[in-house]
Amino acid sequence: MSSWGNRVKISIFGESHGAAIGVVIDGVEPGLELDMDDIYLNMGRRAPGKDPAATPRREADKPNILSGVLNGVTTGAPICCMIENTNTRSQDYGNLMTKPRPGHADYTGYIRYHGFNDIRGGGHFSGRLTAPLVFAGTICRQQLKKRGVAIASHISSVGEIYDAPFNPVKIDDELIQRLNQKSFPLINEGVESEMRALIEDARMNRDSVGGIIECCATGLEPGLGNPMFEGVESLVSSIMFGVPAVKGVEFGTGFNITKMRGSQSNDPYRYENGKVITSSNNNGGILGGITTGMPIIMRAAIKPTASISQVQNTVDLSTKENTTLEVHGRHDPCIVSRASVVIESALAIALVNLY
Amino acid sequence: MSSWGNRVKISIFGESHGAAIGVVIDGVEPGLELDMDDIYLNMGRRAPGKDPAATPRREADKPNILSGVLNGVTTGAPICCMIENTNTRSQDYGNLMTKPRPGHADYTGYIRYHGFNDIRGGGHFSGRLTAPLVFAGTICRQQLKKRGVAIASHISSVGEIYDAPFNPVKIDDELIQRLNQKSFPLINEGVESEMRALIEDARMNRDSVGGIIECCATGLEPGLGNPMFEGVESLVSSIMFGVPAVKGVEFGTGFNITKMRGSQSNDPYRYENGKVITSSNNNGGILGGITTGMPIIMRAAIKPTASISQVQNTVDLSTKENTTLEVHGRHDPCIVSRASVVIESALAIALVNLY
Amino acid sequence: MSSWGNRVKISIFGESHGAAIGVVIDGVEPGLELDMDDIYLNMGRRAPGKDPAATPRREADKPNILSGVLNGVTTGAPICCMIENTNTRSQDYGNLMTKPRPGHADYTGYIRYHGFNDIRGGGHFSGRLTAPLVFAGTICRQQLKKRGVAIASHISSVGEIYDAPFNPVKIDDELIQRLNQKSFPLINEGVESEMRALIEDARMNRDSVGGIIECCATGLEPGLGNPMFEGVESLVSSIMFGVPAVKGVEFGTGFNITKMRGSQSNDPYRYENGKVITSSNNNGGILGGITTGMPIIMRAAIKPTASISQVQNTVDLSTKENTTLEVHGRHDPCIVSRASVVIESALAIALVNLY
Amino acid sequence: MSSWGNRVKISIFGESHGAAIGVVIDGVEPGLELDMDDIYLNMGRRAPGKDPAATPRREADKPNILSGVLNGVTTGAPICCMIENTNTRSQDYGNLMTKPRPGHADYTGYIRYHGFNDIRGGGHFSGRLTAPLVFAGTICRQQLKKRGVAIASHISSVGEIYDAPFNPVKIDDELIQRLNQKSFPLINEGVESEMRALIEDARMNRDSVGGIIECCATGLEPGLGNPMFEGVESLVSSIMFGVPAVKGVEFGTGFNITKMRGSQSNDPYRYENGKVITSSNNNGGILGGITTGMPIIMRAAIKPTASISQVQNTVDLSTKENTTLEVHGRHDPCIVSRASVVIESALAIALVNLY
């Protein structure tokens, strides 16, 4: 299902080459004055294009708010946002119906939906469906902002080129604000040229690269969440793995915590200005599924773009024979930078369900 | 909440030092003849002790089936399993009420429940609550087995000592059966002594170590699951992060897929004996949230046991001062081996929801 | 929340005088060829107007399918249907913001949403929101039809004028088909003029009348549903009470069963053509929450239209004083006939969740 | 499923003649000091027996609290209550396996669970399963009481003998307290002897009678609940129809509102002591799914006890022939009085989910 949530529910609809994509968000608090510039900025950060940050308001992806907002203020009723699809080139996808693209959901969708799925541009499985997710997430962020919660992310890695990590115990507001403006967000901007060169190299080789997004949330009070299956990590990961191309999710020190000793990984408590904090934050702000009050730190692994224009081995489902496939069209050799705001949005939707 | 699921729902209850722990499982298929030996074997694999496999039926952890089973066969009504707590030494936990143990949920539980949480032995946050999870998971496995689905796991790593990985495209039944019998499951048993030495070293240093569990499921037909937020990865991760000490979950090549090129990470299709398979399995048997029919491969990062007997820095919540804490009692320096069957069980519960 | 369901989920959005209303339906089976004439017919039965059946395709209420349907066939992805609002006369609702209309949700919405709710035409609480419900319900009916399940309803009463009841053990297909075409469906059409006269009398007195819809579903196999809280009656009633103006729901003989003896109310079993049937159907086709295979019979009580143009006592929330209110505009003195297809639709959505 | 809820979730387990019945309640607020006398009183009101109010603490139905309560105070963790079954006479149910009792769930359970259901005493469909519902409901009532919410019910009718109704705009605390103590609660106690005579007459005729429970909740603030499918009526009815024998649920004036004119049924607003109230309460304290702040008034129709000792027509599922059935054993000729506290409990569980 393309629905998620409990207190705030989202229901995403649409296909890459259909009439429109969009989302219904149910449970948004009434009286929230929407910051449309912020919405356009975030949707621009996700939108494809050479330098997306420069064109924040692409008419093609204009969010059309159909309900739930009156005079720019939320009413509490469900918000439906529709984004019309334009400039879709369906003819590019002719032979995909029977020749599934490796790494895509063409084959699994074909089996799941008995061949009735809309294959054009990936249909409902398209990365384009993250546009309404960013819309919904940005509204949730604005709701969280009123509670002092801020979210930011950066490109932790592209291939094997790494940015500096967040300081897990203290994340400056200025850093958050700087990252929030960027379509290629980095803590250490010195690695940008090297990352871009790697992406360009992949493009020249008709190939693609993946990477890791590190995302944080600050300002959360301690005591949010629930034990076991409705813990913060469960909530967050269940929406994160709904983002196409995510193959791993970790919190705090994540997989590397397995290489530590307990005496290192345990985050000692101490008082600072009358408030309980931890000196380290290997648990990423979450213990027993419940927030500690320290920043939430998480990382999502983004696989290399599945659409590459090299010849690939596949099958022909109609003839039941092995064959090859060469996908035409312009493809993004690296979606990691565009994924940053998607991960932030997904985190925001998860966290707003804690209140 | 300690409830999870949709078609099969589980609701876990109990505290480490309360009267009993247990689980209600709603939605189990009627007519399933329970294999109690299998249940005792799995619960034994999870139970603490030197060589747990040797004592599969510890009376102390005997599962008491209160409902849903008639003459050893499931009726379709909810199954309640109760496990009475015995031999609990509550006096060990006196000062934890105000001095939260680093790495545990003492502090977050205290805030979340306004100090009313049962702190003894971690209360509802205790790893002991995984015993009913194993009970529920084993029943789900038996249900899956009827559909030809098998689940197994091994200790992928303890600290920096690694076992061999699963062959992601072909996992032999014999390997699965061998691993299923073990309380310290390894593909390459040659690393066992080295792993055990590392664990013993941690114990001697009053410290602990973590590790990674790699888990697989074979025999799943293609086309199970849903796009986006009810995809297999979302379902699986949401229950996995409900297992105490899990800090990361990844599928297929996981975080390492970010270092690959798309031409490497895309899994090419081909026909084998009239069936569509993939030559590699970097996506861990899941594309677009839906099964490909290849083995599901996933890994969970288990942090070092939080309970260590070294002196640790913490706070006193009653006096609001910094202090230190020395936790007494016997503690398991490494829970990774015992976690293996818990991860298998959680995977089984998630997968049974796909049918 | 305006979301409902489990296997098939609907999420309704929109306000009476906003840009659009609509629904996202997630979980519709793939490969269903939509019968658009049937959709227009049902939406026409619900639409306001003198003789709605005569104008089945009112452009104003044209359903715009944005997703989930390709070349007229469902793909399995979420279906979004949008209906643009036109010809809305917002100026009629000026003083309602502070003077809540008796019998409407103006006051409760005001409190619930801290005054941010869209009051125009009832906003999200408007009966107009049943249009997308009929759209969704008709798709579910078409899905049920493939399984041999038919749904029909009639106006059981308007005020104290009663139609003949369904024969609860045998409902002819011809009757179902006849009722399905009608905007004023009656088993005994001889009572139509009397009912219409009562409605006209209410209109002349600037008043309104209520009534009862009796609805049936035939062709359900036995054994569908679950015990206790996910029984058929629980599912059906939870969506029925989401229909504005419904104040009571009963199954089988309903409230009148309380006047019977057990020897009368128990439905005896017997074999007919090798199939188990019941000689009577006081339980409305449901025992223990599970279908018996007999027709499902239910009734919904529809209160008199709250909008009447008589002067009514109310309060002024801004001045905190008692006052009176005279609502202008054309109002439907009886919505019972239009509600029939809404009740049918809600039943269809509930029942499709059983498969 | 036998699970219900969202913020407070209950999961009921057990069979009439199994080892135990019980419930897990997840989401109870921490720090609630349980009033065990109140729990015993309510469970006694439900328990079978000549004069149940006189024996509030029957050992046979003693609730065993296994978790979630420490020193009599809730911890916030799931509460499991187990009630052991004793004195079960399974031999009475020998031939029911193939001869379904009319009016019971024997046949539907047989089909639903492919004959694996536990038929003894109705198994999981037994009215006995309302004992844990009363336990859970009483805890929810104690939670509501802290917020000033009180719940009471009375026997509105047995057969065609009627008690006086609640005054829907003003229900005295003394009346509530009086009714809360009774196992045969009536507003006008003058009708008790007539009701009891009717019940006795049914018993003498080896027959049974039904009736109506009217239930109220006072002290709810306005603005609770949600529009459409998560409205108060939807929540309440979905749990009410999970109570065995309930065939109808109505709010406010209910089905009789259909005989009124809008000018009568609309509840006019006015200020009283600075608070908005309604002069009448035909809507039962709910408009648009949201509380008005007036008492919630609802009625549930309870069908005559299905178990009667007269010879009844039924089928033999093994021979596929028509046959007759004579059920032995003591049966309650009227469960209406015992149902009163069950309806109150179900209402409490529903309402606690609004906070």
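Note that the chains take the letters A, B, C and D in the order they are written out, and that residue 1 is the start of every chain.
As a convention for this text, contacts are C-beta pairs under 8 Å (C-beta built on N, C-alpha and C of every residue); 3 or more make two chains touch, one makes a residue touch a chain.
The structure displayed is predicted, hence computed values, not measured ones.
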### Query
When the contacting C-beta pairs are counted for B-D and for C-D, which pair yields the higher total?
C-D
### Query
Over half shared or under half: which fits the residue numbers at the contact of copies chain A and chain B, same or different?
same
### Most remote chain, CA-based centroid, reference being chain A
D
### Summary
Whole-angstrom distance, CA centroid of chain A to CA centroid of chain D, is 46
## Note on the structure
When centres are defined as mean Cα positions, the distance from chain C to chain D in whole Å is 27
### Computed distance of Cα centres, chain D from chain B, in Å
39
### Task
Send over the residues of chain A in touch with two or more other chains.
1-3, 12, 77, 112, 124, 227
### Task
Have a look at which chains touch which and call the overall pattern line, ring, star, complete or other.
complete
### Contact set on chain B toward chain A in their complex
1-4, 12, 100-105, 107-109, 111-112, 124-125, 129, 157, 159-160, 202, 205, 207-212, 222-231, 233-235, 237-242, 244, 246-255, 257-271, 274, 276, 278-279, 282-284, 286-292, 299, 301-308, 310, 312-315, 317, 320-322
### Task
In the complex, go through chain C and note every residue touching chain A.
1-3, 9, 11-15, 18-22, 24, 26-27, 30-31, 64-68, 70, 73-80, 82, 112-114, 116-118, 123-124
## Note on the structure
Per the touch rule, the chain C residues reaching chain B in their complex are 6, 77, 227
